[in-house]
Amino acid sequence: MPNTEWTPDQPIISVKEVYKSFGELEVLKGVSLDVMKGEVICVIGPSGSGKSTLIRCINALNDIQSGSIRVEGLEVHDPKLDKLALRKKVGMVFQQYNLFPHKTAIENVMMAPLKVLKQPRAEVEDRARMLIRKVRLEGKENSYPGELSGGQQQRVAIARSLAMNPDVMLFDEVTAALDPETVKEVLVTIKELVAEGMTCILVTHEMGFAREIADHIYFTDRGVIVEHGPPSTFFTEAKDPRTREFLSQIL
Amino acid sequence: MGAIPGLTAKSRTDLAVLRPFRATPAGAADDLLFSRWIAGAPGWLPLAMLVLAAAWPATALAQSNYTYTQAGDALVRWLPLLVTRGFALNIIISFATMAIGTLAGVALGLWQISPNRLVRRTAWAITQLFRNSPWLVLLFIVMLAFPFEIRIGGWTILVPDWMKAVFGLSLPIMANISEIVRGAIQSVPSGQWEAAESLAFSRRQILWQIVLPQCFKRMIPPWMNWYAILTMATPLVSLLGVEEIVTLSRQAMEAEDNHPELLLPFFGFCLVIFFFYCYPIARLTVRIERRFTVKF
Amino acid sequence: MPDSLQAFFRELADTHPKWNFIFFYDLTQLDRVLSGLWMTIQLSVVCVILSVVIGVVGSWMQGSHLPIVRRIVQGYIQFFRNTPPLIQLLFFYFALGQFTPTYSPDGWLEVPIISNVGWAIISLSFFAGAFNVEIFRAGIEAVPESTAEASEALGMNRLQTYMYVVLPLAFRVSLPALNNNLVNLVKTTTQAIAIAVPELLYEMVSIYNDYSTAQNASMVVLFVVFIVLVGILVLGMHRWERAIRIPGYGG
């Protein structure tokens, strides 16, 4: 499928009828969603519903059996896809932070722009310091990940992805591995990003946070999108019984 | 009354019967068994060994004209030669073998994780082949098959015996280093690969900038362990005529008329000098391993 | 060997003078190869059994209350682990073997009661046994004291506890390392050539010393035979490991 010219009036991410199986197990059964530039989407649902798989497919970390995913006009599952071009547009933050343990915080943030984008060092370093300041870790530039707390590591991970200047940020349950006190500091960072107009897709369990920042909420269960809507109506006027059951269990 | 594990407090193990088994990832400290054992030797041990060895055959002493004092003198006479020409050659062989074996082994290890299926399988086959062959058989085969001179361009290089032995011994070393490298790379959590991929690093960049630097420190202790094992294997080359310490010891005993009283001191000395060489290496290995554990 | 194959190898020797597979068509040479192979197998089996016994006894002694017993075992282990096995073989056979009592079957010959094969068995078994002691000790330490205490509370003495409770559990833990050691032992039997033990390597070398054209052929066959031998051993060990695995235990 060829790439198309993208204009800001079209969805920046367009997922159409995606099917994904791991061997015999079908995890995504015909999922479709659209994200406009500047929108914040939250994907919620019980474990095993396919939400993490979905955003990993958007980033081409998993392949799909059928369907189409377009990011700014790039067809993600074209075998001839230029992965570099895709990954420059899409940044991802993981549940397990995955910082490079042998590099300091600032080196982690600087590595990709230096080695992948081949940008000049002085420029990259300035931007990295700015990003570390932005995630409120000033003073920790030269610390190794092993010396930082979970929440601090996660914020470095966010800064690291931002260093590539992506157009979209994907967050895969980024607070699930943190203890409650540190969850807040990460959520505040994400909220600031959203306020600056970054397009974000978040897979999360933090319902209060989702209600606060999302423009649109999607509920997945067993590989399909059961229901979706803006938070104002989604939480109070859920129509599908599965949605209502899930919400009653967590709220 | 204190907490009862499993009842009123968290059980200390998952399984009722056995302690949690720390299944060591490949390439990790378990391969250090050899060095750890050497490192555990108390300092008085080699002395005790020699005393014990010399004390046993007290019965035969009385019967011969040649005394153990004379044998001891003979050993002292030959000592400089045995060490500077004999043992030195063992050490040279061990260094050369380790250098070649490491280079080849790293390459082979990287090929074992290649995305190309043919490369991967061939590398695996080669690794298994040389890991499971007896070192002595490999030595025989290489030393018999190796040309005694190599012609490059207009130059003819004579290949000495000990160099052929180096190539022979480097084959199993290459295979074992390959396994160390493969194991260490595979022990890096997949999250590292995924994070790097999402930052648009190419596979080559991920391998050389992110994964290998993390593995490197972990690979050093088992690498040093294999060096110790290799050094212990260098006397094998004496069976193929290379003039290292065992061959020279035998020649020395010949020159001293082959009195049976010479056997204990001369062979005993061989044992002791190897011990004194490998023991500090083993202690260093254990110490380095403690310092270099990289937390993932 | 069927006649047609014999004829093939005879021809091969004529047309390719460097590839004389003489043992495939000359029965005397075949006998030598088979006797060498048999000796290798015998050496391996006997040394494996003996070294396991030494390992069991040694690890039992290491748990002794008497420090002198523990020191002796420790000394034994360090001696055999930190010295080259080849030199151990030479030392045993030449330096110690000269003191073995002899007997005279016919009044003329002095035959030592321990032959070179005997010394090879002793040396190799003690060499492998030293490693086995450590391997078994690690296995024993994996069994918690509480289990041993429970069996003592049931009235079993120390020996019974060791044999019926501790050892079976420790054995399963040690099996992978033990298998590794045993495979190494089989490979190490080739070093017995140094004291003229007529195992496979020795016989092959004798053959090509008699028939220099058979050199390449004998080395190839030697290599293949050992690969097959070790391969069978490794496969068998894997099967055994899987068969005695305790469900739910171990990685």
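First chain written, first letter: the chains are A, B and C, and each begins at residue 1.
Here is the rule we go by: contacts are C-beta pairs under 8 Å (C-beta built on N, C-alpha and C of every residue); 3 or more make two chains touch, one makes a residue touch a chain.
Everything quoted here is computed from the prediction, not taken from an experiment.
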{"item": "Topology of the chain contact graph, where touching chains are joined (line, ring, star, complete, other)", "value": "line"}
{"item": "Chains most often in contact, by C-beta pairs", "value": "B-C"}
{"item": "Chain whose Cα centroid lies at the greatest distance from that of chain C", "value": "A"}
{"item": "Distance between chain centroids, defined by C-alpha means - chain B, chain C (Å)", "value": "20"}
{"item": "Chain A and chain B: spacing of chain centres that average the CA atoms, whole Å", "value": "48"}
{"item": "Between chain A and chain C, centroid-to-centroid distance (C-alpha), Å", "value": "58"}
{"item": "Chain B-touching residues of chain A, taken from the complex the two chains share", "value": "59, 61, 83-84, 86-88, 90-92, 94, 96, 98-102, 111-112, 115-116, 146, 157, 160-161, 164"}
{"item": "Chain B residues within the chain C interface of the complex", "value": "13, 15, 17-19, 21, 23, 30, 33-34, 37-38, 40-42, 45, 48-49, 53, 56-57, 59-60, 129, 132-137, 140-141, 144-145, 232-236, 238-239, 246, 260, 263-264, 267-268, 270-271, 274-275, 278-279, 282"}
{"item": "Complex contact set, residues of chain C against chain B", "value": "74-75, 77-79, 81-88, 90-91, 94-96, 98-99, 131, 134-135, 142-144, 147, 169, 173, 177, 183, 187-191, 193-194, 201, 205, 215-216, 219, 222-223, 226-227, 230-231, 234, 246, 248-251"}
{"item": "Parts of chain B lying in touch with chain A, wherever the complex brings them together", "value": "189, 191-192, 194-202, 205, 209-210, 213-214, 294-296"}
